[in-house]
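Down below is the structure, laid out as structure tokens.
By written order: A, B, C and D. Residues from 1 in each chain.
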Amino acid sequence: MALQLPAMEYRFLGKTGLKVSVIGLGSWLTYGGHVEDDRTYECLKVAYDAGINFFDTAEGYEGGKSETIMGKAIKRFGWKQQDLVISTKIYWGAHNGSRKDALNNQGLSRKHIIEGLDLSLKRLQLPYVDVVYAHRPDRHTPIEESVRAFNHVINQGKAMYWGTSEWTASEIAEAWRVADKLNLIGPVVEQPQYNLLHRERVENEYRWLYAEHGLGLTVFSPLKQGILTGKYNNVSVPPPDSRLAGDGKTGFINDFTANFGDQAWREALAVVSNLMPIAEELNVTPAQLALAWALKNPNVSSLITGASRAEQIFENIKAIEVVPKLTPEIMKRIEDAAQTAPKLDPLRY
Amino acid sequence: MALQLPAMEYRFLGKTGLKVSVIGLGSWLTYGGHVEDDRTYECLKVAYDAGINFFDTAEGYEGGKSETIMGKAIKRFGWKQQDLVISTKIYWGAHNGSRKDALNNQGLSRKHIIEGLDLSLKRLQLPYVDVVYAHRPDRHTPIEESVRAFNHVINQGKAMYWGTSEWTASEIAEAWRVADKLNLIGPVVEQPQYNLLHRERVENEYRWLYAEHGLGLTVFSPLKQGILTGKYNNVSVPPPDSRLAGDGKTGFINDFTANFGDQAWREALAVVSNLMPIAEELNVTPAQLALAWALKNPNVSSLITGASRAEQIFENIKAIEVVPKLTPEIMKRIEDAAQTAPKLDPLRY
Amino acid sequence: MALQLPAMEYRFLGKTGLKVSVIGLGSWLTYGGHVEDDRTYECLKVAYDAGINFFDTAEGYEGGKSETIMGKAIKRFGWKQQDLVISTKIYWGAHNGSRKDALNNQGLSRKHIIEGLDLSLKRLQLPYVDVVYAHRPDRHTPIEESVRAFNHVINQGKAMYWGTSEWTASEIAEAWRVADKLNLIGPVVEQPQYNLLHRERVENEYRWLYAEHGLGLTVFSPLKQGILTGKYNNVSVPPPDSRLAGDGKTGFINDFTANFGDQAWREALAVVSNLMPIAEELNVTPAQLALAWALKNPNVSSLITGASRAEQIFENIKAIEVVPKLTPEIMKRIEDAAQTAPKLDPLRY
Amino acid sequence: MALQLPAMEYRFLGKTGLKVSVIGLGSWLTYGGHVEDDRTYECLKVAYDAGINFFDTAEGYEGGKSETIMGKAIKRFGWKQQDLVISTKIYWGAHNGSRKDALNNQGLSRKHIIEGLDLSLKRLQLPYVDVVYAHRPDRHTPIEESVRAFNHVINQGKAMYWGTSEWTASEIAEAWRVADKLNLIGPVVEQPQYNLLHRERVENEYRWLYAEHGLGLTVFSPLKQGILTGKYNNVSVPPPDSRLAGDGKTGFINDFTANFGDQAWREALAVVSNLMPIAEELNVTPAQLALAWALKNPNVSSLITGASRAEQIFENIKAIEVVPKLTPEIMKRIEDAAQTAPKLDPLRY
């Protein structure tokens, strides 16, 4: 291929000995859903060939179809599991073929973690995943029950590690409390939203967890659902047919519902506008600047990116070349332009 | 169906993240025994369709036939295990094909817990149950041996949780002592008798365990073997051919043997008589009043009801509608009528 | 002394290496209160000289005066602490000189256990006691807090062992759960009421604790407040000016309040009547028969007796001679006469 | 006294067995500083006589003078320690007689916790305090070091319990992790700011800690530095000479610095304005309404109030009578008027 791609880089997943590509590929809403199968397989193949080894999915993505397609791709291309880092996430069990009101088919009970992962592995046609995440906190289930269940599936050989996604810092600390008390394995990685527009949790709330527990981060939405690409900069309201205009019902991404109003949208676009001159000066796209900026955070192990075309994957990978260009001076200019740095809790009062 | 049933309600099983229908279906003496197969399947189907997800059986029910029929029903109707909460209980091993007096085929030794559950799963045609209970305490076996054995079957994936049935409070506390000392899983649920005529254990003896260990309750005999339906109110002695007139040999239900005499029987019927006007005033059956009363206890997760006809299931489920009618005033009138509240140990002397 | 007393016997306090005289001397309501000082000192001296080494008191006895007198006696007679086993009990702090409503001067909070024992030691003029008991359970304080506090005073050198008094079996088991979990010292001894008229707790409820934890018993009320001496046998109602006719307010001994009525009183006296011929036949007093019967229970370490005159002490000690006379045949006759044996929970169902 | 005061009420300090008056008396900026000694002693005496048993101070209040005066008062009035709950807080060591910039005279190092508490006890002329708090988190010191040091002073008998003040939920969880791992005592109480204008931490961030660890709360600033009394309602800017107009340097109370601007001030006063009609209707002062509202939160053990005159204490205590007036309807009207309820994290997504 004529395309000049930088060599993939890899980082340890937090304090573990597992190495993941700094650019990962996620399958939320893309594979199994909006994108047809052929283009999906092409994306996966291109990613793998470009050195991406970290592929992230979830039982809740497209009712399980994302996992099914991932499994077919692995079979089709003959990939070996030792060359891959496959993660899935348990919380919202797929209800196909079972009762709609399946009460125990969601959340983090022992039953659902075990049953959910078994079904995921069946769809993935794999004996195990590398990382199984708790897709959200479940405050109806004692953390001890979930910690024990994740250790159970690890002991059964169905997962190598377990992590969390969008848990509060105190919940991660409680999980470690239980794990330490019981001599079990605690969560080694969090999967939070993190980008130039959403920073408080990663940069302040989790701050003490990195050194204390060696917490790693696999980041979702590093481009804030595309906003940081600049493609919405002439759009006055969140496109009503996109997932940006949440209905407030999902637990996901609803920063721009009517509740938050136009102000949040305008403020977000203003940040992008302010960043654009810096991107131009560096001769990179706004998206690459945003990804490279996130990679400057040493606590980030991988950025989970989405792609419905091979070109997007290439564009994202090129962000790796941008990282060394982000000198202290440039980083300061980014901060000045974005004005999104969270207020940090003091080290000592 | 023309029948107007209330929506099923669900509660967490004690502190676990597992949800069970507040009305469960048990199979003691009914399925596999007194009731023919066709009516059994109809009952199970009707219960499932009405939202019941908790089905309770035991290795000791009808020599294992109850489990066999439950397994066949799951297969016949194509139910998925993630939609069900199946429990069984180990203590009295089925003796078919082995020596009648099989010494090691009962109790809570490591050998019998493992062997017994394996045979139960075979009859149920399931890879695991959701809850395995110790059907009674076994004072010949160290609690540590039993705690370890229940954790063994959980670790083998053959059960999600374990519980006890009719253990004393101190035995449950000892089980937790051993579990805590060894970092193992303690019992999350007790299956006691509990009804308006039998309250001391649930309301006084276990009182400290609810907060301390998050103990849940799945109640058996919520209608006191039918006495609380009022159907015996004109019967002067316990019907000698019913299970009410125990021979004093079983560990089960022998409140009305010759030892206890006519007095206990007359006192029980008097309680029912006193409750009837309240039921009439609320326009519900005495049985519904008794079930709703039991559901008012927040420590109760599910009431295990029996049924040999579909109509009984419908009647029992309707008790859910009665719960909100039990205002503090009505609850006080029930107490005044029943006079069965246990004397509570003081909180501080 | 012309008096022919049997040699004192000693037993280990439960599984500990500490030896206590099988007849102990208690000071409830006697010393510091109803009995003048001179007679008190005589009793204590006589007891010591007769080989009694176990003296039991409590912060709550006569507002602390019992401890004060015990302390003075030890000083007066020059007794050495290595020759004594002194116990006190913490729960009802003495309020002399402090506010009546002293909220934190009772119960089993860390604060009261520490402060209460410090004040007890001051009154006793001792650097430590041998056993400190929790005089009752306190369900408002977590058992862990009390277990830690008792270990704290042990670590501070202010007590050698700790025990409980009138705790339920499950509370003792919970205390051991916490102690085992935290590698702390659990309660080695219980101080329950135990006599021919009050047996269920010692013989059934606690049954599993003796082997499991080596629980020892120092028994109070072995003569059931004098009823088992036979002195009330011609008294038709509990003497209203005695402590037998409780007002139902105290947490202590109120078996014979108006609530329980004459029936309990009559039944108790009937038991004594039935036992008298056996005592006569053995040529002992009913009291000695009752004490000897209690000492036949191998789980009993010591019987805490009261005395306002030296003669009573001698009478009680003579019970030691009666123990060997209680052959299996005699024991059976006692059971047949008393009909007070509790129904034992089955070993296996 | 002709004054008609309600009987003091007491609550357990979190899950401990220690009882504290629901109105406590704090000495921040008042005693030892702005208020002369005679008025101080009168306030303390009046508070004690009215049933207040919880007195809170800190090494950092007025360079230690607050503790000195508290100690003198206890001596002067002959109060007994078993009738008091005395707390102090360690973080900002008093610098009298040592170098101004004393580096190790602040924070939560083992050295400073031990040295600081020793000096506090000397000023208080007491052998121990009931509760010692970490006055703030110290992110330069490992939590394990602080947990061990607090346990050290407890084991030395210099404190009964320890707690935290203004720690994040994850720091409290980490402290429990360390304590559980090492079998040590964790923090039993937090001392946060909590009032109708400042609720997010107590009502959302800490939410999971109450059940998990039995965390208690002793609240400071229940009147938001007097704002909720309504006395500032005609004041257009925070009085520049009051502590309300922070310079942004202290870690304390700087909600109304220039950074936050007039808007925060105006919004706070608007809340008070909206609440006033409800207070008038109930015939209570705005301050009493605010205190009673805070006491409706069952996780609150005590409100630490300040007073420079006896009348203020009486006024605050009268809030106890207001609590029962806060019916669900009134509570809803307060919420509607204040509009300050935090958005709660979902229980299950």
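The working rule: contacts are C-beta pairs under 8 Å (C-beta built on N, C-alpha and C of every residue); 3 or more make two chains touch, one makes a residue touch a chain.
Note that the structure is predicted; figures quoted are calculated from it, not measured.
Looking at the partners of chain C and chain D together, they share no chain. Chain centres were defined as the mean of their Cα atoms; on that basis the chain farthest from chain A turns out to be C.
In summary, the pair chain A and chain B forms a contact in which the copies contribute largely different residue numbers, shared numbers making up under half of all those used.
Here the CA centre of chain A is 41 Å from the CA centre of chain D.
Rounded to a whole number, the gap between the C-alpha centres of chain A and chain C is 66 angstrom.
Taking the mean of the C-alpha atoms as each chain's centre, chain A and chain B sit 45 Å apart. Distance between chain B and chain D, defined via averaged C-alpha coordinates, is recorded as 48 Å.
Residues of chain D in contact with two or more other chains: none.
If the chains shown are joined wherever they touch, the resulting network closes on itself as one ring, and no chain has more or fewer than two partners. Chain pairs recorded as touching, per the definition above, are A-B, A-D, B-C, C-D. Only residues 91, 106-107, 135-140, 168-174, 176-177, 180-181, 205, 208-209, 212, 251, 345-349 of chain B touch chain C when the two sit together in their complex. Against chain D, the residues of chain C that register as touching in their complex are 93, 97-99, 101-105, 107-112, 114-115, 119, 138, 140-142, 145-146, 148, 152, 155-156, 181-183.
Chain B makes touch with chain A in their complex at residues 10, 12, 15-19, 51, 53, 80-83, 85, 130, 154-155, 157, 160-161, 183, 185, 214.
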